[in-house]
Amino acid sequence: MSALLRLEGICKHYPGVRALDEVTVELCSGEVHCIVGENGAGKSTLIKILSGALHRDRGEILINGARVTIDSPTDALRQGVAVIYQDFKLVPELSVAENIFLGKEPIQETMPFIDYASMHRNARAQLLQLGEEIDTTLAVSTLSAAQQQIVEIAKALSQRVRILAFDEPSAALTERELLKLFAIIRRLTSEGVGIMYISHRLDEIFEIGDRVTVIRDGRVVNTSPIITVNKKSLIQLMVGRKLEDEFPNVALTRSEEILRVENISAGILRNINFSLHRGEILGFAGLVGAGRTEIARIIFGADVKETGSIFLRGKEISPRSPREAIDVGIGLLTENRNRLGLITEMKVGENISLSSLNGLLKGPFLDKVKEVQTARRFVHQLHIKTPDVNESVENLSGGNRQKVILARWLATKSKVLIFDEPTAGIDVGAKYEIYVLMKKLAQDGVGVIMISSDLPELLGLCDRIIVMHDGRITGELDRDAATQEKIMALATLEGDVRWS
Amino acid sequence: MVMSNSSRTLSSVLGKFGIGMTLLVEVILFSQFSAYFFTAENILNVSLQLSITAIIAAGMTFVILTSGIDLSVGALVAFTGVIATSVLKLSIPLLISFPLAIVVGLLIGVCSGAFAGVCVTRFSITPFIATLALMTIFRGAAYMYTDGRPIWGLPPEFSLLASGRLFGIPIPTLITICVYGAGYLVLHWTRFGRYVYAVGGNREAARLAGINTNRVLVSVYAICGVLTSLSGILLAARVNSGQPNAGLMYELDVIAAVVVGGTSLSGGRGTIVGTLLGAVLIGVLRNGLNLLNVNSYVQQVVVGLVILVTVMMDQSKKK
Amino acid sequence: MTRPLSLLLTLAICSLLIPSCTKKEEGGHAKIIGVTLLTRGHVFYKDLEEGLRTEAVKNNYELIVTAGEFDLGKQIAQIEDFVARKVDAIIVCPVDSKGIGSGIRKANQAKIPVFTADIAAFEGDVVSHIASDNELGGKRAAEYLAKVLHGKGKIAIINQPTVTSVLDRIAGFKKELEKFPDITVVADVNGDGVRDRSLQVSSDILQAHPDLDGIFGINDDSALGALDAVQQFKRKNVVIIGYDATPPAVAAILRNTSLKADVVQYPKKIGSSTISAIKDYFAGYSVEKRYAVEVGIVDREALRKIPVQ
C-alpha cells in the first residue's frame, strides 16, 4: 500500500494548551485508519486541520507524496479531502438534491438556470450507489440522523473524494444504521478511497479498522495494525493508565418509589406507565424516534402532555415549564449538549451555576465568590479538564462539556435525574467517570433514568431496562434477564412478528 | 496560512485594546487640531450631548445581548417627549405636573417595551419586525397627537432637568453615569443579568436550564423602553419643547454604539462598559468633526469608516 | 383568539378610513381642485393649507387635500387619482422636484392645469409656480445680521444642505454678506433642520468659536436649537436669526432672547395666492409663470406692533 495521505509534524497551539505536538499520521489508499484518544487528546483538531477549517502552526500535508496547500475547506475539497462531521453541515431547509449539489449546481444547456431534472437524477443515482433510497425532493430537516449522514456522504462523493474522514459517525446512529454505514465504508475502500475514522466506541474500531493510531495529549502514542492490539491494551494506551473494568461494579439497593408515570399520551406517546425508585438506575432503550426523549421532556415540563398523570413521591405534579420541574427536584441532562445544554458563550463556572443561582444570592446580588467556589468544587470532583472556572466553555472538549452540564444538575440537588444519551461522543475515560457518578447518585438515593442507544452501556449500568417502540413501551427487562438480542427484538418488534 | 509573527502581534495588540485604541487616537488627533477640544467645558459639553444616545444604548445593550433589536427607540423618544411635555401644559400646579410628566413618560416606555416583548415571545414575531412596526406607529402617533406642531411654551423649570448642574456636572451626564452603574450591576451581579446572557447565547438551552425565557425577554424590552423614554424626557427638556420630529434615526446611532462597543448582534456576548465606550467614541467623533468644521457630507463618511474599523479590530481579536 | 382580534383590528382601521371615503362631492358646478402637499406634519404646510382653504371657500371651490409625506410614489399616485376623477386643477408641493415630472405629465395629457406651490417642479408643464422668494429671505437675514453686528464679526450657519429651498436661502444670504467683508462665516454645519440635531451641532460650534457673534438658522427648528445651545452656554452676546416665524420662535423673540429676528414667510399667503392664480386661469386671464410671494423680517419691535398673521 502506498501512502495516499501523509500529515507530517503537525503542530497547533491554543493559548495555554498544546493541542497537537508533532503529529505524523499516514493513510493508505483503500485503508480504514482509526484515530482514537480521550476527549481533548487532539483528534478533532487534527481532522479540522486536515479539512482546512483550522490553520496549523507548523507541519505539512502531503497527498501522494506531493506537498499540498490546504488553507480552507474549499482547498481541501479541491484536493479530494472531505470530512463528515458529528453535527452535519447540511442546510436543513434545502432539499436532499440541493444539499448534495450545493455550490456546484448543474446548469441547463440553453438557459442560465439550475437544471433540476439532472440534479435530482444524479442525486438519486449517487444515493443508490450507497444503497439508500431517499426522496431527493425532501427537505433535509425531515430526514433521520442516519439518512442525513448518508446525504453527507453522497455530497462528499459527488465531488470525487479520495480521502474521507469521519468524526464520530456513530454518535447519532442506531446499531442497524451503523451496520449500513460500515457496508458503505467497505464499498468505498474497495474503490480505493482512504478513510480516516474517529470514534470513541472501540467495538466499532475493531470491526471496521485496518490500522489504529492512539493520540494522547496532542501526541501520537502508537500506530499499529488493528490485529495486533486488543481493547484493553488500546484503552491503556489512551488513558495512559490501567483500567480495570468498563463499568463500575457497585451494588445498588433499591428503596421506595419516587416517581410514577401513569397513562401518559402526547404526540407519538401512547399510554406510558412506569415507576422509578430511589437508588436505582432505570434504562430506556429503543430506536431513535421511539419516544424516549419525548417522555423525558414531558416529565421535565419542557413539553405538554395530553393525558395522564405524574406522581413525585406520591404527590401528583404537572410541571408546565422546566423551572417548575427543577423546583420540585427533577433534572434533565438533554441530548445534544451543544444545542440544548450549554451556553457556549458563557464561562465554565457560569454554565455550572446557571440552574442553581437561587441559592447563590446575597440580597439582590450574586455571591460570585461562593459561585466560583462551588464551581471549583465540581470541577475538582468531576475531574473537568479546564485551566479555570473562568475559562470559556467553548474551549472544552466533548467529554468535559458533558461533565459541566452534569455539574449543573448536581448543583440543583435534584431528586430525580434523567440522562438523555449522556455518553454520546465521549471517550472511554470520561464515560467511565460518568458511570461512576451515576452510580454514586443512585447510591445517595437519587432516582436515575438513563436513555441510551448504547446497549452494552445500558446492560452494564441499569437495574431495569424499559424498551420503547413507536411511542409505546414494548417491554421491561430486569438486569439479569436482559440481553442485547432481547432488547433489539423489543425495540424493533421483530420478536413480536416471530412469536405471533 | 502561517501568519507572519509581526502581523500577528500587531493584530493581537489592536484587538486587545480595540475600541480603547480608536478612542485614544481620536482624542489625540482632535486635541492636536483644535485648541478647544480638550477643555473641561468641551468635555462636559460632549458628555451632555452623548448622554441622550448613551442612555438608550444602555437599554439597547440588554436587548441585543438577547440577540434581539429595538428599532422603535427614535420614535419612542419623540412620542414620550410630546406626551410628557403636554402633561406639563395641563393647568395644574407644577409641583404635581412635573413629576406626573416624568412618571407618564417613563410608563409609556415600560408599556411599549413590554408590548414589544410580548410580540416577540407570545406571538413569535421577530424583534426586527415587531419594533419596526412600533417605530412607525410611534412616529405617526407623535405627529397625529401634535398635528405636526411642536409643543412649546413650557415652564422654564422643566429645562433645568437638562441644563441644570450638580457639582458642576450636567444633570443628564450624572443620570447617564447612574444608568450605566445600575446597568453594570444588573448585568454582571444579578441573576437576571446572567439570564440575559444565557437567553442570548442559547434560548432553548436556557429554557431547559430552568430559565423563564419569556419573562427575561419581556423585561429586556421593557428596560430598553424605559431608558428610551428617560432619554426622550431629557431631550424634551434640552430643547424645552416636545418635538414630534425629535430622535430621527437615533436607532441607528444607538445600535452603532452598542456594536462598536463589542456586543455581538447574535447575542450572548458583550458588556455594558463596551457600549459606554462605543457611545463615547461616536459622540466624541461627532463633536471633534464639528469643532474642526468638517463638511457634513464628509462627516457621514468618516463616522461610517470609524465604525467599520473599530468592529474589524474587534473581530480580529476573536480569531 | 388571535384571529377575531386581528379581524377586529382590521375593522377598526377600516372605520377610521370610511369618513374620508364617503364624503359627498356636492356642489354641482363648483370647481374641484386636487391638492397634494409635501407633508401635513409641519406647521408651514398647515398654514399653507389654511390659506388655500380660506381662499377656496371665498370662491366656492372644493378642495381635496392630500399629502405625499415625503414619498414620491405616493404623491404621483395621488396625482393619478386626481386625473382619474377629472378635477379641474391640481396643486402640487413636490416631494422631489425632478421625480414629480411623470405625475405632472399625466395631468398635462389629461389637460388638467397644474400649479406648484412652495417647491418647484423641474419637468412637466406647470401653469404657475407660487413660492416664497427664498433668496430674498436669505438676503433679509444677512442684512439684519449685518446691521446688528455693525458690519463686523464671526458668524455660523446651521444648514440643511439637502433641501433646494434652503440652498436658495443660503445663496441669498452669502451674496448679501459679500457687501460686508468684515463679516466671516466661520462654520457651516448640518442640523438636519430639526431642533435636537441643531442643538448638538450648535453646542460644538460654540465650543470651537468662543468669539462667535451670530448664527443664522435656515429654519426655526435650527434657530431654536441654536438658541437652546446659546442659553445652555450662557453666551448672551450671540445674535441668532431664524426663518419662518413659527409660534415658538415668535415667542422666543418676544421674550427678548438671543433669537433676535426671523425671516417670515407667508405660507397662508402662498396658499391664497395659489388659489388666486387658479382663479385667474379659470377666468381666462394670462397667468405669470412664476409668482414670488414676498418675505419679510420681523424682530421684537415689529412683532409688538403688528402680530404676524
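We just call them A, B and C in the order they show up, numbering each chain from 1.
Please note the rule applied: a contact is a pair of C-beta atoms (placed from the backbone, for glycine too) under 8 Å apart; a residue touches a chain by one contact, two chains touch by 3 or more.
Predicted model, so just to flag it, every value in this text is computed and none were measured.
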item	value
Category of the chain touch graph - line, ring, star, complete, other	line
Chain closest to the assembly centre - both centres taken as Cα means	B
CA centroid of subunit B to CA centroid of subunit C, Å	32
Between subunit B and subunit A, distance of the C-alpha-averaged centres to the nearest whole Å	43
Gap in Å, rounded to a whole number, between the CA centres of subunit C and subunit A	69
Where subunit B touches two or more other chains, by residue	none
Numbers and ranges of subunit A residues touching at least 2 other chains	none
Interface residues, subunit C side, partner subunit B - complex	2, 39-43, 45-46, 159, 161, 186-190, 192, 194-197, 199-201, 203-205, 207-208, 210, 221, 224-225, 228, 231-233, 246-248, 251
Complex interface listing, subunit B residues touching subunit C	34, 36-37, 39, 41-42, 45, 48-49, 52, 123, 143, 147-150, 152-153, 162-163, 235, 238-241, 243-248, 286-287, 290-293, 296-297, 299
Sites on subunit A touched by subunit B in the complex	55-58, 69, 71, 300, 302, 321-323, 325-327, 332, 334, 339-346, 350, 354-355, 357-358, 361, 364-366, 368, 408, 412
Of all residues in subunit B, those that touch subunit A in their complex	1-2, 185, 189-191, 194, 197-198, 200-202, 204-212, 267-269
